[in-house]
Every structure is written in structure tokens, then in C-alpha cells.
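Next, two complexes with chain A in common: one pairs it with chain B, the other with chain C.
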Partner chain A sequence: MTSATLPPKTASFAERGAAFVVRWGFIGVTVALIAFFVITEPNFRTVDNVFGMLKFIAPTAIAGLGVMLAITVGGIDLSVGASAGFAVSIAAWTMVIGNQVGAVAIGVVLLGGLLIGGLNAFLIVVARIPDLLATLATSFVIVGLKLLIVDGKSISSQMSLADGSTAPGKFTADYLWLDRGSLGPVPVPVIIFVVITALLWFILERTRWGRALYAVGANAEAARLAGIRVQLYRTIAYMGCGLLASIAGLLLGARIGQGDVSAGNSLLLDAVAVALVGVSVLGIGRPNAWGTALGAILIAVMVTGFTMVGLPYYAQDFGKGIVLLIALLFSFTFSRRRTVVTAGSTTSS
Partner chain B sequence: MIESSIPEGGELATLSPVVSLSGVSVAYGSNVVLTDVTLDFFAGRITALLGANGAGKSTLIKALSGANPRYSGDIAVDGTVLHLSSPVLAKAHGISTVHQKVADGIVPGLSIAENVVLDDLASASRHPLRNAKQSLLDARAALATLGLDWPDSLLAQDAARLSISDAQLLVLARALRGTPRLLILDEPTSALTAAEAERLFAVLRALRDTGLSIVYVSHRFGEIEALADRVVVLRDGLVQHSSERPFAWHEILHDMLGRATELEQTRVDVRRGQNVVARVSGVPLLPAAPPLDLEVRAGEVLGILGLIGAGKTELAELLAGLARPASGTLELDGEPYTPKRPSDALRRGVVLVPEDRQRQALLPGWSVAHNISIPFLKISSALGTLRSARETSRAQKVIDSLGVVTAGPNASIDDLSGGNQQKVVVGRWLSAGPRLALLDEPFRGVDISARREIGDRLKDLVAAGDAAAVVLSSDVDEILEVADRVIVLVAGAIELDAYADETDRASIVGAFLGARTRDHSAVPPEGHPK
Partner chain C sequence: MAISRRIPLLVLAATTVLALSACAQSNGTTSEASTDAPATASAALPAPFDGDPVKVALVRQSGAGDYFEAWGSGAAKQAKSANIDLTVTDARNDNAKQASDLEQAIASKPDAIIVDHGNTDTLQPLITKAVEEKIPVVVYDLALTDATGVVTTSQSDESMASGVLDQLIDDVGDGAKVGYVSATGYAALDRRAVVWNKYVADHKLDVVFSTGKVSESTATDNIPLVDAALKQNPDVKAIFAPYDEITKGVVQAVNQNNLGSKVKVYGIDISNADIEVITADGSPWVATSATDPSAVGAAVVRSLALKLAGQLDEDDVQFPAKTITQSFLTDNSIDNVTSLREKEPSLDLSDQVTADWLPANS
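Then we have the complex of A and B:
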């Protein structure tokens, strides 16, 4: 028995044009924007600025990679902003009030991130609350818990406490190194960003565990019948998301240098946006690590460039919103491929 | 023309049909699911519509009820050809439908009265303010047509609180508002108890006597025997049979279950398995069914024939680790077998080709190779890293052995035809080299050549003598074509168990019939809610 072959499909010019736009449109826009700023803004093309942009966007990108994991298993996580904010305050509290070194604070925060992810997974997988609603609820709980722990206050080194004494600890150098350190010219946050992106890309694209995660998102029932432990993989994805959100929070806290209670508030929308942009990049039609990283870089270029050309900071959200809308149009409307974002149980094809 | 009867329903029946179909066909893409159906429905008559899964019953109902306007051919109401482009239009012309899932017809949160008059609430001509009093009056009038006298206090309650049989009566009352000419009922008793079904039949007989034409879809021969004036059988989208009382049940079943009127032939290559691979002992397949004992032997293809609700899928799910037996035990290779999940079954060499390809088997947008390798990620990888050469070679083997028509392992599964997708799914599971392969309706929507190909691979699988295959189907010809041993399953009980060369189609159909006619009343054996 030999396999028959099909004649190659002939696509019309319009179809091929649309496919080209879907595949290369986003990269094209990013490159064009970069070119525009490189030509018009001398400051933009410095090495410092390149690393500055990447460093600036690293927390968003890492939280976005977390959201990407949740989307990979057909869900969504709206608690990444709250988790990151929680990490900022808990790290500060551990060092300043608890008088611990940065390494301990980092350990506590990462553990907290895993626990938050575990809670989300429990609510979604075991209690069967829809992902959108469960993570919305947990983000309230996380923010509230954070405020209770820190008495609603931002924590800074040598702050005075309620009893009039001075806080025993301070932001330690090893913790601040997360933001200020660098290897050669490359800042630490950029290294963490790149390593996490590469690691997630490898896991998702090259390992059987990544394939199983994608299978759960593509057709959970088929995956289950194929022997994949669907609930286990969904739990892993949410725990991974919680962990990445807490890493984002660690970087954010080190940048701010204090336990700002409002930190992380704006992170959620950006993180979800870059994950969704990542789905559309290259017309892949499914969440992926490089795409998410590229989405984050596009936003960094936009924000930096807009600031340089003198646009007010409040114009940034408008630009981000337009980028996200275009990305969604690419993913859902123009793409011939099925898009496998099933966040909030809405499926498209 | 199939319809040649002259109705004998008394003075109410007229010689011209209420609704007549001529040359109605429906195709989804290149897949023709209803072919040139010509039928007349007369006033004051109950027509039973029969057919196995995928025979075209629901497609026909959708066209008649306006739910699928993309049909070809003519549907005429009172001799006027209309294009039934929407359910509202169909209802306006007197064609009213009660769909199978009663719960879908009830809006929870609205009162019972408002649910009865739901169509009015949606109507544009209705006053925008809800008028509880008017709804109550209208609802009472509608329920009175069924002889129901529900008190106002009940009518004001939330419709979600109705029992399933009362909800069934509610949607029936709603369907009867505006005095329809043709009433379509899709398996109306599937959720009713025997007594509730009996109550419904009394209502339906009374409605028939008022001159209503009724189309009654059911799998239950007892009900049809008790109720219908005429039986129409669909198979493969064609009208295969149409007859008046008294019904020749043997012939009806034959026409319903068989695929083609091929010459009876005794298979010469029937194998007899030796060792028992799987043993089911004392496991009830359905809540009300007796405990079942069953042996699956290595070296043979076992065909299990049964209609919807016979317990086929339940049996497959038990063995594949998707469900656990309520009581009794399972054995595999002589050892206790208690799979908790599909991966446990897989580890023991038990694989399942599930009933619903799209929902349960395919990964949309993925390549053929990735669709095939999904249960074998561990074997396809080294140190957790996937080796695409291993995936591709497994896929190529599947493509070659089953003759899958595709551009290659990297082609998207979405670009394959249904039959070729099914070959990929079957090939995926056979490539595991299973001990026991379970295939639930593997030939649905699959053309004859793909069917043969799949059947041949099953025979190859068992030929060595240490593996078994179980094909579960509602089509007697599929079973006769592929199976060495045939089991007829009715309502969770074995009615026949014989090797293919020891039995024939007539006996198999007879086994069905024996089980059905034993219960000749209007009370179906499986008529209990789950």
C-alpha cells in the first residue's frame, strides 16, 4: 500500500497576500517602528537604550510568559498582576520587617508564587470554577492579603513602625542586584528574561511535556483519551504561571527599591496583551514563547519611542490597545488557521 | 415515490397531504447526508421515523423545522411550495417541533406560564412590558389543549422546578399553540418513565384524532407499535422503507440496520480466538440493566451490535478506563483489571478509538504526524526531548498501512477528508500494537474503501493470535463485514453471541427483534431516566 498524494493547493493571490500579512505583519510593524525611531531619535540607537528597553519590559514579558502558559492549556490567568504586586510587598516585608537577607526573601516569594498558582489550579481544575472568574477572584484575595500583611503601607528600608521603633532590616544588596547587577553590559533582568524565554520555548516546542500542554489546550478530551494527565498538566501550567508572576514581581521590587503597595497594578493588562500578541506573531495561531517575548519587545519599543518623541505617558495605553486589537484581528479574523486561545471558554476557529 | 398509501383515518383525513416533501436533499460540503427524500404527511396520522445513527433523521427534521434552510428540493405545506428559511417561518406555516432535549426548551428564571408563551415574548408585535396576567391566561389556554389544569399558583413558579415529564408537556403545549398542522417529536420519551410516556401517548392519540399530523422519531419499537399509523425508515440519507399497519417488524429492522441488500454470504475466513484477553463479569452496563458477562478472545475480531442506549459506548468506556464498573469485575490476561484513567488502560495495551472523532480524538490544526504521536510522546522522545524523526516514521507507517490520502506526515489534519481523518485515528491506536483494540462506531461517516481498509488492518492485528479487536456498531453489515464473532446487545443484555459462520443476518436481526417484541407494550425496557 502506498500513500496517495494530493495535488498542491493553489491559493489565490489575495489568499497568499493575506497569509503573508498574517505571518509577517507583526514583525514588519516592529521592525518599521524600530527603524523609524532609529532614524529620528539618535538616543534610541544606543546600546544603553536597547538594554534599557529590554530591562524595562522584562517584568511584563515574564508575567506575559506566565499568562502564555495558562493560555497553552486552554485557560487564562488574570491574577498575574496581583501575584507580582504580592511578590513586591512580601519581598520587602521579609527583608525589612523580618530582617532577612535577599536570598531568603526570594525563596519566600517564589514559594508564594507557586502556592498562588496552586490555589488557582485547585479552583479551576478541582472546584471547576471558570478560569476567568477564578483568577479574577484570587487576584482580589491576593491583593487583600498583601494589604493585610503590610498594614496597607508601602514598606521601605528604615521605615518607622507602629510602635515608634525603626524597622530592623533593609533592602539588601543581593536583592537589589536583581535589578542593578549586570554581566558585562547585559543587565540581570535581561538575562533572566532571555533565559526564561529560551527555556519555555525549549520545553513547549521540543519536549514531550510541552507537547502534552499544547494537546490539553487543543482538545482536552482527546488528550485525556491519549493517556495525558490533563488535570496534572493544567495544574502545572497554573503553578508555572504563578511562579513566573512572582519572578516578575521580584524584578519589579528590586527596580523600585521599596515595597510599593501599588506595584503590579498595571502589569496585568500588559502581560495578557503580550501573551495574546504572541499568539498572532508569525501566524502560529497558538501561544508561544518567542512570540510573547517579541510582543513585549514591541511594546517596549513603542513606549520608549513614544516617550522620546515627546508623546505623553498617557498616550501609551492607547498605542498598546491598538497593537492588541490588531494582534487579535490577525489571530481570529484574518488567519485561516484555527486559533487555539480558549480563554474564558470562548473558542474560535 | 415511496408514499403510496391512502390514509384511512376517517373523515378528518383528507386526500391531500398537510406537508409534502419532494426530492429533498441536504449536503454538508461534499458530504451528502440526505438524498432525494420524497414523503407525504397526512392529517390525523402518526408517522414514525426510524433510522440508526447518522441515517439522516435529524437532518430531515432540521430541514422540516426551518433549522437548516440550506436544503434542496421542495417542501410544500397544503400544496404550496415554501422555502422554510427559519424556525419562526416554519412555525408560522404550521410546522411545530419538539426537540429531543427538553431542558433546552425551558428558560429557567421565567415562570411556567411565561415559558408556555415564550414565542410571544420573543415576538416583535408583543407589548414590551411583561404582562403576567395575559401570560397566565394564554398559558392556561395552551395547557388546556393538552387537558392540563395546572393551578395559577403553579404557573407562577419558576419553570426550572418542573419535573422532566412536566417540562416535556410544557414544551408540547407550547408547540401546539397556534394550532400547528404538523407536529414533530424527536425522541420525546427518552427522559420519561414508563407511566409518564403512557400519559404522553394518550395526549398524542387525542391530538391525532383532532386531525393533527404527527412525526414521531424514536428508537423504541414498542412505542411505535403502540402509537404509529405508518413507519418510515431512513438509512444513509435515503428513505429505505415506508409501510402501514400492520408493521412487518422483521423487514423494518432489516431495512434499518443493513447497509446494502447484498447477497447473504457465509464468511469463509472466520477465526476463532483461543485465549481470553478480557473478561467482564457481572457488570451492569446501564443503571437498570442486568449484570453482563462477556469474554473477548485473542485472535478474533468481536463485533458488538447495538442501537443507541444499548450500552455499547458504556462497555467501551469501562474497558478503556473512562468509567468504572458499578459492580462486578474486569479482568485482563487473567489478572484483575481496574483502570482508573485512560493512561492505565494504555499501559496494559488497551486502546479506544472513540465514537466522536472531532470531539474525542483529533487535535485541530495539528499535523498528521503530531496527531498520531500524541499517545506515544514518551516513546517518541529521548530524555524528554521529542525526536521528530520518530514521530514522522510512525506517521509514515500509519499513512502507508492504511492508505491515508494526505500530502504527508506534516500536512494539517484539517485538510484531510473525514474518512482519512478516521484512518489517522485508527492508525494512531493500532500503531501502539495493542492487546485489545476497542473501536466505537469506527465507520461512521467513512466511505466504503476506508471501511475496508480499516477492517483489513483489524484482521491483520488479530491474525497473529495474541491481540483482540472489538468493533461496536449499530450497523449489521459493518459488523458482518469485519467481525469473526457477533454479539447483539439490547438494553445492556446480550441477545445473541455467535461466530459469523454460525449465524446470518436474519438471525442477527431476529435477535434484535426477539428482544424488542418480547416487550411489545408501549412501555420500553430502557425507558427510565438516567
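Then we have the complex of A and C:
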């Protein structure tokens, strides 16, 4: 894991060239795309638009960071979209039907996220269900539970309840501030996004917990023999993922201003894509926080830029797919460090 | 490892990305290409349409389904003939995405914005922001709590629903067992629900089931819901499904329960595919309410154009609907919207929100 990134001195020119491309190719593509849009689209380079893009992608990026945590311990979490959608409905329910203030709703949602993460961890770590299957199953359970709680309805202020009365509460200003507020010119979601990225970077790269998480992902057996409490770290990673997914949901809920039952549906694939792109950025070949953030920014740049040049939305999916494919080629095919994936686990040797 | 052999692959990958961008560059306008010659204007375009193309952002909640596809192509066609450069975003029913789309549309400072459907709570603050930034806004089928400075347009849902429900009462009479398949939270469906509730009360209809949902594949997703409801209540006489994607699902569910001769289905909206379903042998779908979606999409763009030219008299524009029965379609052997428009000329809205420089073109 800690082997040098630079090729050995005996490497041929071609090998060094390939290593350079692996290390910088992805950032190069991002910078090239940004440069292209900056030159061709005057509206792209406005401060408004830069913050707009970051704000737009913040929930996806945060959910992607959650998936990254699961990948770090050699797993995957397919329930992040469902968890985020659950968060949207629960926040709405707490405020509109429960008539509570935003802070309470936020507390309930974060607790819910930890519980979902805990459930995933229990199924994977204790019940030993493969991660892909366990989180797929929980995502159905979470969506179903959400629909049961809200009677299948989108919760909005002034909605009429089953007994004919009108819902007492509404989305409070302090909650809506999570998405609609800003500190100076910087929107709140962007601040949350950057803080979480920096925090995860610090934990993963600068603390022994981070090294332990990577060790568990690289080789659980070796980690166990080295005295790392493997089960505990895997549990922490899944709970962290649940927590991050619920934070993504909080932002989505504040953006929609309604307990939209379909919220979060489209989040999962983007979040997983972002985390996978993150693995390849900088040729690191392992999940990392800045890479995931950069992957999210790349998606935001593409979606916004392609819209501005007038490419229809369905062509953007194709573009996203190509970028993900190239990222995977960098990770698995061209990289001198071999990135190994076994049934949903990604490690690099 | 012979890495050198992999270099060509890398080059290929890079070329793909470049080709993609090059393709983007040459594709400056999103107006869908149309082979038809545009209707000719009998007067020159006034300002601001007489210079560079007017940049308009169309922010859609969804562009999927026959109705929305036709709506979009009508809007694109009208935009083209009015020298409007239309940039379309489609949130695919993801309301958070639509909020971002609108936010980014505002940031790109277009000459005007059209918002097609959406959630009130989600979009109201952003629409207020656009108005504050002096960007003209036209909304279609979106209920606003504060419509100051906004041009609101809609199909007259009141006329659509009551026309079809009059037919329903004529067919099955007061007090009949009926079913209702719809969803809440969509402005148009909510307005139709108001009319429905009034008819239920006035005619003492016995509502034996209420179900339905709107999703990315609405027609398919409603089949199992209605199927279950029909298994429970096979004696239902009529079903009101006031949105054609839902109606199609209802028709399928009725057919697969072999209730086609016993249950009548009443829908709203029309498209080529809908006409095919309505006129199919033994189809239970007996009446629908129609506007021509492409004519409506075009009329929304015309409302915007008149507004920008300072020629729009009212800030709330409603497009009238016609009730179309199954027998009208079969008697006139109508099999698509074009021939329906010929037999029912009032559908093309060519007398609504037009000017001599702005003929209807959908």
C-alpha cells in the first residue's frame, strides 16, 4: 500500500509516460473540460455559476464520500440513495406533522442515518450477508419504511391529514437555510461539502484510525493479525456512510422544501460513480476523500457545461458514463499499481 | 507489462473525450430539427426578436412520456420560428435537480425563463429570485403562492376534468361505484382532484378505491396498483384517471382482468399513443379530454414572446380543452393527433396568444 508512486529508475520512457498519464490524466481531463467551458461559455466562469455547480453537486458528493468509506473497508453501500430519501421524508414528517423546529428534525435525521448504517453493519459484519446484497435489501426496506411512515405521500406544509385537519407545522427557516442559506458568497451546502471532505481526508490520511480502515480494506486477515479490531472498524465505516447519506438527504430536503417521496432516487448511481472515480484520481488506486470530491466536481462541470453548450440531458448520461469508464481504465488497466476488486471490495497492492 | 502497447488505447480514450467536446461545440442550439417549413409570419419580428437570437432557458420537471415529448417539440418549433435560442433542462422528475437547474438557469442570466411543471415549495423562492433579478418568467402548470411579475399559463384543468366527468355521469349515473387513480403534489392533478371531489359529492358517487402514483415510468407502475384494486372491487363501473400516463396503466390493468366490457375508463390528455389505446378493439377508455400538447407547448412559448415584446394583455393565460369520446375517434377513423386536429380544428390553438408576427407553429 505504501509503495512508491514513482516508477523504479529502470522504467522505460513509455512506462514513465504511462505512469504520468495515470497520475495526472484524470485531473488533466477535468482541467481541459473546465478550460473548454470557460473559453466557450461566458456564463460558465461567473462566481455565481461556480458556487452554483458546487452547491448542485454537494449532496451527491457527500453521499459519494459515504460510499467511499464503505469501499475503504473493502465493501460497498448501495443504500445511500434510499437513506437520503428516507432523511428527506423524516425531516419533513418531523417538522410538518410533528410540528418540531428544524434543529430537532436534523437531530432525528442524523440519528436515523446512524441507525441505518448500524443495520447495514449488523447484516454485513455479524450476519455475514455479502455487502452488495445486504445493502440492496436494506435499501428496499428503508424505502418501504419511509412510504409506510408518510402513507406514500409527499409531505408538504398545509397538507390535509387523514382526519381532515391541516398539518400543523411547516419547513422551518433554520432547516431551509441548510440549502438556501449562504455565508458571504458561499452557499451553506458548499461549506458542508468542503468541511466533510477535509475532515474525512484528515481522518483517513493523518490518523491511526484512517490507517486501520485502509488496512482492513486491503487485507482483513492481516489487519486482524496486526491487532486491529476489524469488525469494529467495518461497523464504524458503515455507520459513517449512513450518517453521510442522511446529511446528503438533509440538503436535498432543504432544496426541495417538501417531503418529496421520490427524492434520493437518482442519487445512488451518481454517488457510487463519484466514489469509483475518486479511487482513480491521482493514480492513488485507493478510495480517498479529495479524489471523491474531485469526481463530484467533474460531474457538476460536465452537467452544467454540457447544458450550457446545449447538449441535451440524455447525451450527458453518455458523457458521464464515458468519464466513469475512463476512470476505471485508469484504476484497473493502466495503473502500475494493481487495483484488486473482489466481490464489491476494492483494494490496491 | 508492455505498457507501451497501451498508449494507443489511452490516445483512443482521450480522442473520445475530445470528440465529445467537439460535438458539443458545433451544437449551439437545442431546438429540435424540424423538416416542416415554419408558418410564415405576415409582419417583421419586433424587438427584442429582430437581432441576435433571444436566449431562453426552459426548465422542465420531466420531458418523458408522449404528452411531454410532444409539448417539448411544439415549444422547440415555435421557439425556432420566433428567433429564440431555447436551452432545455429536464430534471426527470427529480425535484432537487429541477431546483438546481433553475438556479443555474438564473445564474446564466438568460433573456427569459420558462418553468414547466414543478413543486411549489421547491421552486417559489427561486422564481421570486428570478423576478428580483428582472428575468421575465413564464410558468406552465405550476401553482405559485406569489405570482407577482410572473406570467402563469395552464391548460384549463377545470374545463378538462368537468367535461370528462359530465360524460362519466351521463354514462354510469349518480351513485355508481367508481374508482379514482391519480397522485397528489402535482398542480394539474391537484386542480383536477378538486373537480373530482365536487362531482363525487354532487352526484353521490361511491368511491370504492383511490390509488395511483407518478414515477419515471408512470404507466407501468400503476398497473399493479390498479390490478390489485380491481381484484378487490371487480364490480366498479367507472374509473377516473386524470392523467394519460396513468390512464394507460389503468386500461392495461382493466384488460388483464378481463373487465374491458364492464368497466369504463375516463382519462385526461391525448397523444398519438393514447389514441391508439382508446380506439383499440374493446378498449375500456371511453372519453378523454384533449388539448394538443404540441400546440400548448408552442402557445406557452408564444405567451413568453408576446410578454417580451410588451404585447401580452394578461398575466394568466389558460388554454381551453375539448372532450373527445371514443366514438368520435372511431366514427371519424382518427388514428393520430394530426387527423384529430383536422376533425377538431379548435385544438391547434391557432387563435390563442398570436400576433401577425407570431403565427402559431407547432
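In the analysis below, the second predicted complex is superposed on the first by the 332 of 349 C-alpha atoms of A that agree within 3 Å, B and C clash if a C-alpha of one lies under 4 Å from a C-alpha of the other, contacts with A are read in each partner's own complex, and residues count from 1 in each chain.
Convention: a residue touches a chain if its C-beta (ideal position, glycine included) is under 8 Å from a C-beta of that chain, and two chains touch if they have at least 3 such contacts.
Keep in mind that this is a model prediction, so the values were computed, not measured.
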Partner chain in contact with A:Gly25 - chain B first, chain C second, else both or neither: second
Chain B versus chain C as contact partner of A:Ala14, first or second or both or neither: second
First, second, both or neither for A:Gly285, with chain B first and chain C second: first
Comparison of chain B and chain C by chain A residues contacted: C
Touching partner for A:Glu221 - first (chain B), second (chain C), both, neither: first
Which superposed partner A:Asn49 touches (first chain B, second chain C, both, neither): second
Partner chain in contact with A:Ala212 - chain B first, chain C second, else both or neither: first
Contact residues common to both interfaces of chain A (with chain B and with chain C): none
Contacting residues of chain B [partner chain A, same complex]: 320, 322, 341-343, 345-347, 352, 354, 359-366, 370, 374-375, 377-378, 380-381, 384-386, 396, 399-408, 411, 414-415
Residue numbers on chain A that touch chain B, as the complex places them: 1-6, 8-9, 206-209, 211-212, 215, 218-219, 221-229, 285-286, 337-338, 340, 349
Chain C-facing residues of chain A, complex: 12, 14-15, 17-18, 21, 25, 29, 32-33, 36, 40, 43, 46, 48-49, 52-53, 55-56, 59, 152-154, 156-157, 171, 180, 252, 255-258, 260, 262-263, 265-266, 304-313, 319, 322-323, 326, 329, 333-334, 336
Chain C residues within the chain A interface of the complex: 1, 3-4, 6-7, 9-10, 13-14, 16-17, 20-21, 23-25, 27-30, 63, 87-90, 92-97, 99-101, 103-104, 107-109, 119-122, 125, 184-185, 213, 215-216
